[in-house]
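Across the two complexes that follow, subunit A remains constant while its partner is subunit B and subsequently subunit C.
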Partner chain A sequence: MATLFAATTILFIVVHNIPGDVIYVWVYDIVETYGVSWEEAERIARVMFLGYEPDKPLWQQYIDYIRNLLRGNLGYSPTFRLPVNAIVASALPWTLFILSLSLSTSFIIGVLLGMFIAWKRKTIIDPIVSAYAAFTDATPDFVTAMLLFIFLAVRLGLFPLKGAYDAEIVTPGFNLPFIANVLWHAALPVLSYVIEHIGAWTLLMKGSAVSVLEEDYVRAAIARGLRESRVVTAYIGRTAIIPLVALIAISIGSMMGGSILIETVFTYPGMGYFFAQAIGRMDYALMQGLFFLIIAGVILANLVVDLIYPIIDPRAREE
Partner chain B sequence: MRRMPVEMIKEVITEERKKTLKEALVEFYYSWIRPILKNRRAFIGSLILLMFISMATVGPLIVPLDLTTRWEQRFLPPSWEHPLGTDYAGRDIFQQIVHGSREVLTIAFLAAAYAILIAISIGIVSGYLGGVVDAFLMGITDIFLTIPSFPVMLIIAVTVRVADPFSFAAILAIWMWAGLARSIRAQVRSLREREFIEAAKVLGMSTRHIVFKEILPNIAPYITIYFIRMMKGAITASVGIMFLGVVPLSIVHWGVMMNLAMFQYGAVYVPEGIFYALSPLMAIVLLEYGAICFASGVEEIVNPRLKTYE
Partner chain C sequence: MSEENPILRVRDLVVEYAVREGVIRANDHVSLDVAKGLVNALVGESGSGKTTLVDAVMGTLPPNGYIRKGEIYFKDKNILKLNPEERRKIRWEKIAMVFQAAQNSLNPVMRVAEHFIDTVLAHKSMSKDEILRKAEELLKLVRLDPEQVLNAFPHELSGGMKQRVIIALSLMLDPELLILDEPTSALDVMTQHYLIRTLKEVHEKKGITMLLVTHDLPVVAEIADRVAIMYCAKIVEVGDVRKIFYEPLHPYTHGLIHSIPSIIGDLSKMRPIPGEPPSLLNPPPGCRFHPRCPYATEKCKKMEPPLVEVEKGRLVACFRYA
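Showing the complex of A and B:
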């Protein structure tokens, strides 16, 4: 909650310090379109695009501003000539789709692989995964995205160059061609995230599982002659996965940040793409709306993790 | 046993013996150079980093930057004359990479330095004083940790309209210090309970002495590792911001080169443009790989139990 408050305060300060010429352009635009006076146009611009009235005292502006944000009134985007809510409504599903698909893929594969490496100990996979993780750590996510874009989309033409689906070929709805088309468009963005994150999840799971291996109850389970698969999944995996779940929220935050560049590379119409557009065109209304949503999303993810935690970790339930 | 007066012990401990240059060099060799030479990862990392550092410092002096447009020479493949080929306007890519490395490293170095300073001050004050100050500072730190840094950096960068590397680095640094401040605080808290700090307190040494002479040297290796990691983070962030074309400080900055290749001159769409599109990418990956190797190698040396990539 404090974070949301701090974030909106930062936004408020930023919005109050917009370079004058940006507002000037909007005001000029409004005067041209509606034929109102300059002062009136300036007031309209601030109320409409930024959500505060310049005549009121500062604290009142601040309260109005936050009230507007909390009500879900995110303003009006001057560059797209659409309410920010409408843009968000069209962009959010795509980002959620991409992020959830990437996160679950990399998390599940990483956890399984990490568990396997920890259990088998000396395998050839171990050093390979370590080297791979160090290499992907050195590659920023948008560099991965750009490499995939250049080689798989442009050079080989295996994947589409832009968009979330081809509007000419398929009709949105619950039909097979549409779903296939959407997955085809989502493949490269998802792949960039997965390539980028899978090594880290594997190493984390391995580290966590190795420390669990030493526990007495694991030895007891092995000594009791339980099947190997059961020991690995129910005894080691279940305990080892707990610290990783806490990291999911952090990961979502960094993926949200990464989406700005990845979606821009693939011209994928999600939150990140529109955020980059807003940044490039100095569209503060859109910028603040999307930023507010990103923060809210991160906080929500933290809350969900806090709620899930006691379910998967009985030790946290005791308190 | 003769009892020494407290004043005398204090004198013995606080006395600073002037080291000769040779002694200092020998000590530096045994505590830094030799372990790095012996650790494979740290060695590779330091080689790569040294290469980029010399590229950024003496490189621009040896390789002159020629930005004259020669349309008939556009998108040439690598040759002796142009080691990495030419860009969309027939300019040598290698020259741009060399001159860009200076921009990239300057911003990364400044950002990491600012962030370290903030982190050290907040971490030490918070860990050493404890109580209300600690709770307040850590509350702020948590907020900085939760807010995704990249969008904020972008928003501030466009609002402030950065025009020089110093303020750009400062904007990056504001969103980079929080994690380190937290761990410095934790280390200071555990150090504070140790005997040698207790002893220093009993002897009545000044807080300044305890902080700078007793606590800081103990977390110094740790800070070195973090410094390299932060530089890596700053490179990613600054190149990412430049990639969106927001802070056009210099045309040869790698991020700006990527922006031009991707969005302006379509170098990614033509087969001949591949060298222009890939050169900055490869430079970034190699530089960051060096940083990671160096940081994790030093980490192994300082704390053999902790191995990041193993």
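Showing the complex of A and C:
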């Protein structure tokens, strides 16, 4: 809780120190769109932002913000002319969907592959994976996303160009065409994350498994005549995975950060996409609201990891 | 003694480790018979190659270790020639082993009971109830409270308890040969004594052949029937325990026996062997013991003494007896 409070305060200060005034973004827009004079546009803009009072002292704004936050109200987004809560409610499920799908895919494949490499030792996959991980770690995730977008979506037309589903073709609900359509739209964003993260997970698992490999209980398990598959999964994998679980929480944070650009590339209506819009539009309320959610998400993920850690590692249980 | 009917025969075994400095030959043409139904002890200093020998038998050599040549027969079957699946079946079903660091031989994230179940199911089909019933029996044999131990995680048990769990586990499939690699080295004296008594009981009740690997001579004197002495990757002397202790032939064995401190004896009478054991990376030519041997001759410096039978069941590798 204290972490959350500190984070929101720092967040407020940082966001409000971003140079530029939101009003002029709008004024410029109105001038461009309606061809009215600058003064007229400024008047319209001020009317449009009924709840926006840039002349109020900052500390007053801060208190308002915290008060609203405590009531569960994240504010009002002038850009979309919607409460931030409503935007979050529509965007959060998509981001959670994409993130959980990418995280579980890259985690599971990475863990299995890492375990395999550690067990087989000197295979040619080992240097290949290391090189791959170094390469993808050095590539920003939006570059991967853009390459996928350009080649698979634009050039080859295999995947949709934008959105989370085609509203004209399918009706939301628990029906097969809708689910298929959603997965089809999610494929490239998910693939971008997986391509970016799978190498790192594999290397982490390999490193962890190699150190477990030296343990006496692994040798003892082999001596007990256990089957290879059983030794690798229950004795090596099972213990080697423990430190990786703690990293999941950290990974969620970095993936959320990555979502800003990835979702923008694919025009995917998740939190990251709205975040990018909020930054472009100097939409303080939306920015703060989304930041707050990301922070809360990371803290929550850490909490969950703390809770499940004793379940996967009996040594961490309290007597 | 039953030299004619050994359960395990190691012949001319050469095991090497690839290390950065070169190649370490940890077993240099080792031949050893393990007599059926007896407690056989393999004695030597740290680094003399005892553990390497039993690891080669179990097929659990570290990744940088390999068998260069030699044969290992388990009841007339060369186990080095078996395919991996046949080899896997022999482990624990025929030859079980209590590892040097037995305290770390249990998976930290698995309950003790799961170890028993895992082990049995890898070899035969048996119901969980049957397995647990047998486990309880064996745990009682090693004087542990089955209910408390079976549901515990390894970190909840003491070192001595874990050691006894491993011994119970090793008896689960009624193996014909039980290898114990330094079973007492990590335990305090009281627990050691207790463990030796347990092992004696197990041996008497089950009639199981044991190969005890140790550097602890008092333990050997207490429970072993036959003893093989290893020095610097080679077997230097083999014989019955009384003969080894009362009439050691090889100068190294002699030195070893006389280096045991006694509580009542005069410490000044203790005679440690002069010098240091040689490095396996660069062993001395000829007899490996010659730089430390009071009887060394020119011949010892140039030629390796073969291991020869000087009397029935008594082998020694020294030119004084060849």
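For this structure, a couple of remarks:
By our rule, the second predicted complex is superposed on the first by the 265 of 319 C-alpha atoms of A that agree within 3 Å, B and C clash if a C-alpha of one lies under 4 Å from a C-alpha of the other, contacts with A are read in each partner's own complex, and residues count from 1 in each chain.
Keep this in mind: a contact is a pair of C-beta atoms (placed from the backbone, for glycine too) under 8 Å apart; a residue touches a chain by one contact, two chains touch by 3 or more.
Computed from a prediction, not measured in an experiment: that's the story for all the values here.
Look at A:L82: by the touch rule set out above, it reaches neither subunit B nor subunit C. When both complexes are overlaid on chain A, the residue A:Y217 reaches subunit C alone and has no touch with subunit B.
Applying the stated contact rule after C-alpha superposition, one finds that A:Y235 touches subunit C and leaves subunit B untouched.
More residues of subunit A are touched by B (comparison of subunit B with subunit C). Once the two complexes are overlaid on the shared chain, A:I10 sits against subunit B while remaining clear of subunit C. When the shared chain is aligned, no partner comes close enough to touch A:L152: not subunit B, not subunit C. When the two complexes are superposed on chain A, none of the residues of subunit A touches both subunit B and subunit C. Residues 121, 215-217, 219-227, 230, 234-235, 238-239, 242, 312-315 of subunit A are the ones that touch subunit C when the two sit in their complex. Residue ranges of subunit C in contact with subunit A, taken from their complex: 58-60, 63, 88-93, 96-97, 99-101, 104-110, 118-119, 122-123, 153, 155, 166, 169. Subunit A meets subunit B in the complex at residues 2-3, 6-7, 10-11, 14, 17-19, 130-131, 133-135, 137-140, 142-143, 146-147, 149-150, 154-155, 203, 253-254, 256-258, 260-261, 264-265, 275-276, 279-280, 282, 287, 290-291, 294-295, 298-299, 302.
Residues 139, 142-143, 146-152, 154-156, 158-159, 161, 232, 236, 239-240, 243-246, 258, 262, 268-269, 271, 274, 277-278, 281, 284-286, 288-289, 291-293, 296, 308-310 of subunit B are the ones touching subunit A in the complex.
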